[in-house]
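Order of writing sets the chain letters: A, B, C and D. Residues in each chain are counted from 1.
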Amino acid sequence: MHEDRHNITANQTEIPSLGPSKIGNPAAAMCGPDGTACRFIGENDRVLVYPYPQDIRGKKTPPSFELAGPRSKIYFDPPKLKAAIVTCGGMCPGINSLVRSIVLQLHYIYGVRNIVGVRFGLQGFIPKYGFQMMDLTPTVVEGIHGRGGSFLGMSRGPQPMEDIVDSLERQNIGLLFMIGGDGTLRAGQAIYEEISKRKIKIGVICIPKTIDNDISFVERSFGFETAVEASTGAIRGAHNEATGAPNGLGLVKLMGRLSGFVAAQATLALADVNFCLIPEVEFDLEGEHGLLTQIEKRLDDRGHGVVLVAEGAGQKLFEGKDLGTDPSGNPVLADIGVYLKMRITEYFKEKQKALTLKYIDPSYLIRSVPASSDDRVFTGFLGHHAVHAGMSGRTGMLVSTWGNHFVHVPITLAVGHRRRVDPQGGLWRAVREATGQPSLINSNGGA
Amino acid sequence: MHEDRHNITANQTEIPSLGPSKIGNPAAAMCGPDGTACRFIGENDRVLVYPYPQDIRGKKTPPSFELAGPRSKIYFDPPKLKAAIVTCGGMCPGINSLVRSIVLQLHYIYGVRNIVGVRFGLQGFIPKYGFQMMDLTPTVVEGIHGRGGSFLGMSRGPQPMEDIVDSLERQNIGLLFMIGGDGTLRAGQAIYEEISKRKIKIGVICIPKTIDNDISFVERSFGFETAVEASTGAIRGAHNEATGAPNGLGLVKLMGRLSGFVAAQATLALADVNFCLIPEVEFDLEGEHGLLTQIEKRLDDRGHGVVLVAEGAGQKLFEGKDLGTDPSGNPVLADIGVYLKMRITEYFKEKQKALTLKYIDPSYLIRSVPASSDDRVFTGFLGHHAVHAGMSGRTGMLVSTWGNHFVHVPITLAVGHRRRVDPQGGLWRAVREATGQPSLINSNGGA
Amino acid sequence: MHEDRHNITANQTEIPSLGPSKIGNPAAAMCGPDGTACRFIGENDRVLVYPYPQDIRGKKTPPSFELAGPRSKIYFDPPKLKAAIVTCGGMCPGINSLVRSIVLQLHYIYGVRNIVGVRFGLQGFIPKYGFQMMDLTPTVVEGIHGRGGSFLGMSRGPQPMEDIVDSLERQNIGLLFMIGGDGTLRAGQAIYEEISKRKIKIGVICIPKTIDNDISFVERSFGFETAVEASTGAIRGAHNEATGAPNGLGLVKLMGRLSGFVAAQATLALADVNFCLIPEVEFDLEGEHGLLTQIEKRLDDRGHGVVLVAEGAGQKLFEGKDLGTDPSGNPVLADIGVYLKMRITEYFKEKQKALTLKYIDPSYLIRSVPASSDDRVFTGFLGHHAVHAGMSGRTGMLVSTWGNHFVHVPITLAVGHRRRVDPQGGLWRAVREATGQPSLINSNGGA
Amino acid sequence: MHEDRHNITANQTEIPSLGPSKIGNPAAAMCGPDGTACRFIGENDRVLVYPYPQDIRGKKTPPSFELAGPRSKIYFDPPKLKAAIVTCGGMCPGINSLVRSIVLQLHYIYGVRNIVGVRFGLQGFIPKYGFQMMDLTPTVVEGIHGRGGSFLGMSRGPQPMEDIVDSLERQNIGLLFMIGGDGTLRAGQAIYEEISKRKIKIGVICIPKTIDNDISFVERSFGFETAVEASTGAIRGAHNEATGAPNGLGLVKLMGRLSGFVAAQATLALADVNFCLIPEVEFDLEGEHGLLTQIEKRLDDRGHGVVLVAEGAGQKLFEGKDLGTDPSGNPVLADIGVYLKMRITEYFKEKQKALTLKYIDPSYLIRSVPASSDDRVFTGFLGHHAVHAGMSGRTGMLVSTWGNHFVHVPITLAVGHRRRVDPQGGLWRAVREATGQPSLINSNGGA
């Protein structure tokens, strides 16, 4: 069952539109004498948000998402359209592949010849930064799907909404594709609203990017699988170091500000983690059942161990400390990895027990790897569907998958609260089973 | 929308059972003072087979699958149970990881101490082959999830049903896990029926294995992603050879007897394939729109090209030839790869045009690679859910995912017809767009 | 001790020259205030061909090779020079990296601005093929060191010497870099001789390319290490297939026409090969000590096995069959892999024993992979040294390593006989030890 | 030319011996009817230390190293011998493969049945740590060559010599293999001397381990190639992050306490490093030619850059600070990576210029990866030759390669000063060329 189930209603799933689609879709040209690739998505092709019998019983119109895909009619006249792509926030595997997919689909399938890339995120819209837009053609994006990083460049943090929309108007952009995380989705919604207020016809299509896989109604975010695979290298390294030293302990910090999906999934991918700490599940440091005692027990029993900690885990240990916010507006987290390293070292020193602790923080190495085959295929589809949606005149939405179908989700649904690991669900149960870690909470009166 | 939609009804989704579950599930022990991992799946937790509004409108009980997961009560008494695992058919990445998952779940979570592995597929049940069962403990399966191949051994082909059930009875096995493809599912159903006839209490749980990803009501088969990633190496090699020679053509044969999912997906993962040929889409070899002329055009235009062919494509070219059946009972396919190599070479010779054709058939190299992180995680869950289902007394079923949920599917639903690439669907459209290949059919009167 | 020791004398190691070097080397500009990178190679900097005390005792001038590296004076005036690069023969990892190294060294260090790439090997010189030379600049070669294949294109086989030298003259090329194997070295020598006859001033510098690592006085050939690493994938696949089937036998064919270095080295890199067959060591097929009986014994004992065969092994089995020559002029070898597959299958059929034989022939997959880091570094140095040599006016030579030093070797020394695995040496001893394979020869009267 | 040339004489290369070898070498059994693998190394088989004509001219006995390999007679009686293996210091790719090679050679080729592994370095000899020796058999080492880390365990730091030799005597060990770096070699020499003093017959054979590749008369250290390949991942990540952000700078710290071989080689393996800083070449931080100004210039010109720093570079910046020594007795280095990160950030802040600095310190991730094929083959030979040497009664020596030959080197020669990158040599020249970095020294009066 989907781990995240806050209740929505049918009318919350409606996708805004710039106006009626009246132009025949040039994608129909694919349909040839072999009769393949001839089908368009109809207006009633939708998939239920809650595909469970008990959730639909007695309901007239249970909420459902519009299916993504090509429509028989489109809104924009391709030769007249100028489209723009912007990539925001932190690095994530697959961004280049996604940009390439959007460019190729616009160019070859829809015949759009005027495509530009915005440099370095939202800064690229603001004149004072002095970045020029980059013309995007099939030649420019050739081969980039195999490379890590983002060739357009990215930056964190918001920019004034009015300035961005001014820039869109000034440059005559009709369709904007925004690739980014929660902050970018908020910016996308604000841009959409500003556009609506000005009564101009510019479409805004978002493609959610979150290496933490933590956006609501986004079943799978691109780059996540690749990040998990890359993370296993760090865990294996920690395990090798731990087993190769007397009382060896490997401590690995992974991403995961609010949600521990990367850490949980990476734990399951290998068999080497003994303690997996994520933001969703609290743990005590001290006390009989606390982490320190449990690590000591593990080392006493087996002589080595691996602790994996998501960057957002254990933040209650820093309560009362305000570290401010980063350029994206997120609160700066206390560094739980460095803190645990210090506390564990102290603990063993006090106990006068040997300890060889190796701390590994591979963050940028994971964010910048090239996308796996599967993430390349996935970003290919995301790009196609973003273009189909945008060309049809839809706006204020993002492309997502739900129940394994590509769908359109209003931005308003996706922002506001995060997808998180359900401590009662199958994923966390599997982590508990894989690590064998007990509950790390000191109950009053013992467990 | 799911590409495969033959109509089923609610009562077709019922899972057979050995009897009522009355023993408390020892997995409840995971539930500790942190309050996590305490939830069981209820009797009414199901997911719709067709999660589309128009499919449920007006229906009282639209068909749905039972959700997989731990139940609060189980059927078998763990200390008294002997369980067996058998792996059948051809190699597929992830088998070892899956076996390990079943063993660890039975051992650590349910407390089953008597687990055996059947050697070399169904042959392992038949005394005349002389194979001994292998005791499976956590120590035996340590580290095998990182290795390719199958440490239990596999074999193709059926064995007499009575002999197998005799063997199960003789060895006092109460729960049998069968890992295999379409043939194995049929065998599983036959074993289940023989067991029912004998009125004995042995559960049969299947986990579908098909590198072609072609089993009905199985949304994703393990090893498929890994196989696609491995296939890209062969395509990249073909591309490098093709671009490095005058009029270079790389020809790659991949698996795909009845369904072209591997070929289609691998085509999308790179950008180097110019013609992708799969069983589901016919092509002409000769004539203006036929493959030979189109390859010639491609080489005239660009000087190099790559053709990717699934082993089951173009079989109409061999009509009238009966090549018999293989040990699994599947018809032997004519070798389309070797045939195309010959025909293309002849064609260019006749035309007196230069051609440097490099033929690559990487089959076993793909089947035997270790599973990716994602497939290791996936097989982990499949193993857990197979054990939960088996321990609860369910039988005659397989574990699958549907709409991204793990579910129970009756074997009878999964056999009988294959999942295939829909030539009208999004996957094939994407392949057509990625390759730029036209329809390869000569229509009467031209196209 | 070097396995290859045919006797040469000091005067055989002299490098031909176009004339005295009188221009200051612009590479001196690297020498800055930190005092690094200021040294040139002197005229007497040489390394012994046979660095063994007993080989130099009493000799006045034991043979030695000139050390490679920058000279203080150069022959060509960079702004007036036009240089060309040609890549010949079969694919080999590292070619792109090597071409890039030559281009960057010529451009940035020596200031040569006129560099062209010959398309598709020697064909690129011959007007009838219609290939244009490609201008090579730092931009053109950006990023190619990370890619497999050869972006210039290659072809096999010789072309008329006069036509090639005509082409060089016509296009005003002063310095030619030739990358290729034994045939290319012969062509290089012939071109050098034709140039000498015409009394024109064109330098010819070869860089030996042989994935088999079989050229005399070439201690290490680029791409070899990468090829061995890639080969291990095929062996591991064969092992996984073999262990996963009843009486499973994996049979892998690797490159190695005349020399079995790839097969021998790949055998040592894993521990999974039971029989390694190379051209240098004969084996019997039949008889008590023959391969077939020994394979049978292995399967009887262990139930699985792996045979690795170099393509040039066992050619005595085909004696009397003349299969002609390939475009490079090499005799076409009978396909020992396919032959062994057939004979082993027959043998077990006759004996009515089970056998599951999986045959893997990964050839192009190995040749087309990108170069490893170590081969990229190595090709970088080869390119630098080729340019240093060429700019100094040397000709008729190749760049090599000897005793771990980069040296200049006259082409005449390198052609004519091959480096081969010494059946008495340490490499073959190690293979025998790693496989545990016995002598596969039926001695008269038994062994 | 070898970058390291401190002068030694012929008698410095003599290898100590336990006594005359009188037992026939059982390795002769490899010699079969095919006549291969029958040769032993003779007493006069040596290779020159300085294989340069000018170095041998007029010398009667230029210094030379004894060639490694099997001797026809051995010293120890295999059935009576107990051998031990100890692994010391920090992790390095290939240790497991090397231990395996020693065990298999002792067991299968020489018939030694009593082999033990010392746990956790020299601590394993000292009773107070409580570690038991581990019996080493072919079964125990099966498959370990494919795994990173050290299954025996390692530790840093010396232990009392007398206690170690007491332990050797007490446990009746006749032959000790020591795998470790400079400190271990010193310990090996001290153990050898203590043994000599006691007039007992225990052989001590060292195999040098240094991921920095910095031991004298050791041309290549195992694990180095693998470490370079692994390092390229960090550099590529830094490059991707740098190009993806406005004024992006990637800063990577690699190993290299005294010698910058890893950093230099990794720089050459990719083309993405703009400044490579190593211990052997000084640089100024401030001033017109200093690093900070040069980084600023690079960012002004190109908008992104990568700085690679070996951990031992720039230590003059910390002059006057004494940070003590680590457990191995090496001086603790100030953290140049963290320091540069701080100073660069400050510099751009003062200049009020944008900067996105990403700092990557992958240390343990590089040390713990599995060995490459080439390093597995290399460690295989090192192990064989160590065993040949030890069984022949040699002692107080290490196994090395010199001029591409495996040789015996007295420990006394290898300790005492380090192999370092020659700032005048070809390697550093190539780095300067690859990065385009200028001299970073402010000369008096400008450059």
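One rule holds for everything that comes next: contacts are C-beta pairs under 8 Å (C-beta built on N, C-alpha and C of every residue); 3 or more make two chains touch, one makes a residue touch a chain.
Per UniProt, the chains are A, B, C, D = ATP-dependent 6-phosphofructokinase.
Please read these numbers as outputs of a predicted model, since none were measured by experiment.
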(request) Quickly list, by label, the chains bordering both chain A and chain D. (result) none
(request) Find the chain most remote from chain D, comparing centres computed as mean CA coordinates. (result) B
(message) For chain B versus chain D, what separation do you get between their C-alpha means, in angstrom?
(response) 47
(message) Need the CA-centroid distance for the pair chain A / chain B, whole Å please.
(response) 29
(message) Can you pull out the residues of chain C that are in contact with at least two other chains?
(response) none
(request) Make each chain a node and each touching pair an edge, then name the shape: line, ring, star, complete, other. (result) ring
(message) With touch defined as at the start, can you tell me which chain C residues reach chain B in the complex?
(response) 91, 119-120, 123, 129, 131, 147-151, 153-155, 233-234, 236-241, 243-246, 248, 356, 358, 360-362, 364-365, 367-369
(message) Going by the contact rule set out above, which residues of chain D touch chain C in the complex?
(response) 1-2, 30, 32-39, 44-48, 51-54, 56, 61-62, 64, 67, 69-70, 104-105, 108-109, 142-143, 145-146, 219, 225, 228-229, 232, 265-266, 268-271, 281-283, 289, 372-374, 376-377, 380-381, 384, 403-406, 423-426, 428-430, 432-434, 436, 438-443, 447
